[in-house]
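There are structures below to look over.
Two complexes are shown next, each including chain A; its partner changes from chain B in the first to chain C in the second.
So, the complex of A and B:
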């Protein structure tokens, strides 16, 4: 396994970039959703492969979850997979938030629609900050009440060594809605991110 | 060929659909792949996307298009949630069941510079008909496997493993909701004699017919399983001891009246049954099985062809 420890400076830099990207994302989302969107300052955490399934098991014990995965890739060898994790009982308002009619589209499609918007808006902002450009695969529901998150983590198409866990809480006026976003990044790509962070740190 | 020519050639020849619209959903460009697989005329330019493709879910798609222009991010549709967006013919009309091409679509923001607000939106339409077809076949196969995995191959009732899994679930449910739950376990009397007299093939026939005959007496929610050899067991949710006892007697008398025809003649099979109802003292479902078995052997000791209710 590749040594994936970020220095304190790199970590602060990444946290700052994520904060700014989140701010921009919430601004854009407010405009699109036509309502005030409040976004908590995200908590970022680097987790290694072994501890993540245990973390999730603890956090989401006894909960019905829906998980949507979306791959991303960009220049300079940056790539990974974003997981958005929802507790099923918090999903009632998604259609309203998106401005859809009740029953207009299936629950799973509401879920992939909102996930794609959250993921791509945030990651596009982050990519812009580091002068990169990202492309995305289509979002997929990888886990629902009938299949487990554990299984998905074990079956990911690439071996990831480090997970950048970003907990976001989106609060939308009149609706409550929150989810966790987790970015899984393979070791090679983490090295590339470190190079980018070093470059940015030098520039300031 | 220069680069623009190469690009133009590929866009024309590639087996991927491309439709470009502006923010007002006026169509700017449609590539050959889409034209070939629809009945569109070539004078599509500046017409509304929703006029050209009346099948599109207008309200939802407009909102989605808006997200691409406002957020400057791509949006997606997948055949798994929505089999197709545009009604197009596909290239497997003979070997698949789909009426239209199953599609994965990307709605791509287009501008000269990635930082600018998008000027146009490109639909990239990928043919997923094959994947969709194989996925459906796979799901059907998995379903068949799941059924065969929980079925006793001879008698077609539940096998022991599945029967116990279900008992564990019903036991927990009964405990949680404080509802009655009963079991009947039964064994064919002197099955060895049947085998010795008529042969193993006849023995198999008897097992199959017994399972069918018993199953006729059950409700949808009851579960008959083959516990092993000539021993069977029935889970009876929401059934008290009295109800289970009545059913056990009906099963026993019904089978005793039933003639089973085998090559060498006719067999009358009788059963010894043990009945038990859940009680607060049991903390594990296995305790019910053990006690139902004890009641069953009491029936055997008392002379067979009878039912015993377990009483502590």
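So, the complex of A and C:
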């Protein structure tokens, strides 16, 4: 297990970059949905991948979940996987938010639709702030409504060291839905992110 | 005489970004606070000419500061510098008396345009 901790300055820097990227993503989402999106201060946390299931098990106990996974790859060795975790009972609200009629598209299509908007607008904003460019793999639904989050995480067939947890709560004026976004980042990419953060901190 | 200005943001990086983006040669004294509650405490005890205000903050957020300022008239010029850039948020802060709205990340060009527009520079 690689032990990589962010300094307080690096953490503050990353938090601010994420805040700005989140603001841009919310603005895009609000325009797309033609509504207002309430923005919270997103909480970030770096955790060892091993302890992630326990963290989430508590939060999602007794819940059916849907998880959408999307990989991202950038310059300077920055890469990872974004997970968006939804409670299944919010799916109808997501459909209403997206403006679909009942039965118009499948649950999985809905989820990849909204996940792609949330993930790519957020990560594109973040990439621009750190003068990087990201490519994405196609989003895929890695869950079934009946399996536990533990199983979902085990199904992800990569070898992650650390996870950057970003708790996003999107509240839309007319409907509310919450989802958690988790960025999974391998250890060497965390080191590359630290280099980028140090470069930004030196500018100020 | 130097103009007293106050920078209010919960992020150390964001405060530094604002400070570094202030135009060279602008005769000012810079104070810094880290949330809306500290900003209001500071404004009630000190004369401030221009407040640079973040919106999403713990304790009291930027909207709370604007509401208190509207009632108490603590500072004339408030420039909001925010990551929450939705049009509805912009009109909300303008309705609460903010002079201008700058999308994060801030830079010298964005600040100078606004400061010149209002004759502060």
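Note that the second predicted complex is superposed on the first by the 201 of 204 C-alpha atoms of A that agree within 3 Å, B and C clash if a C-alpha of one lies under 4 Å from a C-alpha of the other, contacts with A are read in each partner's own complex, and residues count from 1 in each chain.
Here is the rule we use: a residue touches a chain if its C-beta (ideal position, glycine included) is under 8 Å from a C-beta of that chain, and two chains touch if they have at least 3 such contacts.
Fair warning: this is a prediction, and the values are worked out from it, not measured in the lab.
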| item | value |
| --- | --- |
| Combined model on chain A: chain C and chain B, fit or clash | fit |
| First, second, both or neither for A:167, with chain B first and chain C second | neither |
| Chain B versus chain C, judged by how many residues of chain A each one touches | B |
| Which of chain B and chain C A:76 touches, first, second, both or neither | neither |
| Touching partner for A:15 - first (chain B), second (chain C), both, neither | second |
| Partner chain(s) touched by A:188 [first = chain B, second = chain C, both, neither] | neither |
| Touching partner for A:204 - first (chain B), second (chain C), both, neither | second |
| Partner chain in contact with A:105 - chain B first, chain C second, else both or neither | first |
| Minimum distance between Cα atoms of chain B and chain C in the superposition (Å) | 13 |
| In the complex with chain C, residue positions of chain A that touch it | 9, 12-13, 15-16, 19-20, 22-24, 26-27, 30, 36-37, 39-41, 129, 200-201, 204 |
| List of chain A residues in touch with chain B within their complex | 28-29, 31-32, 98-101, 104-106, 108-109, 112-113, 116-117, 120-121, 124, 128, 133, 135-136, 138-141 |
| Contacting residues of chain B [partner chain A, same complex] | 57, 59-60, 63-64, 66-67, 70-78, 80-82, 104, 106, 114-115 |
| Interfacial residue positions of chain C with respect to chain A in the complex | 10-14, 16-17, 20, 56-58, 82-89, 104-105 |
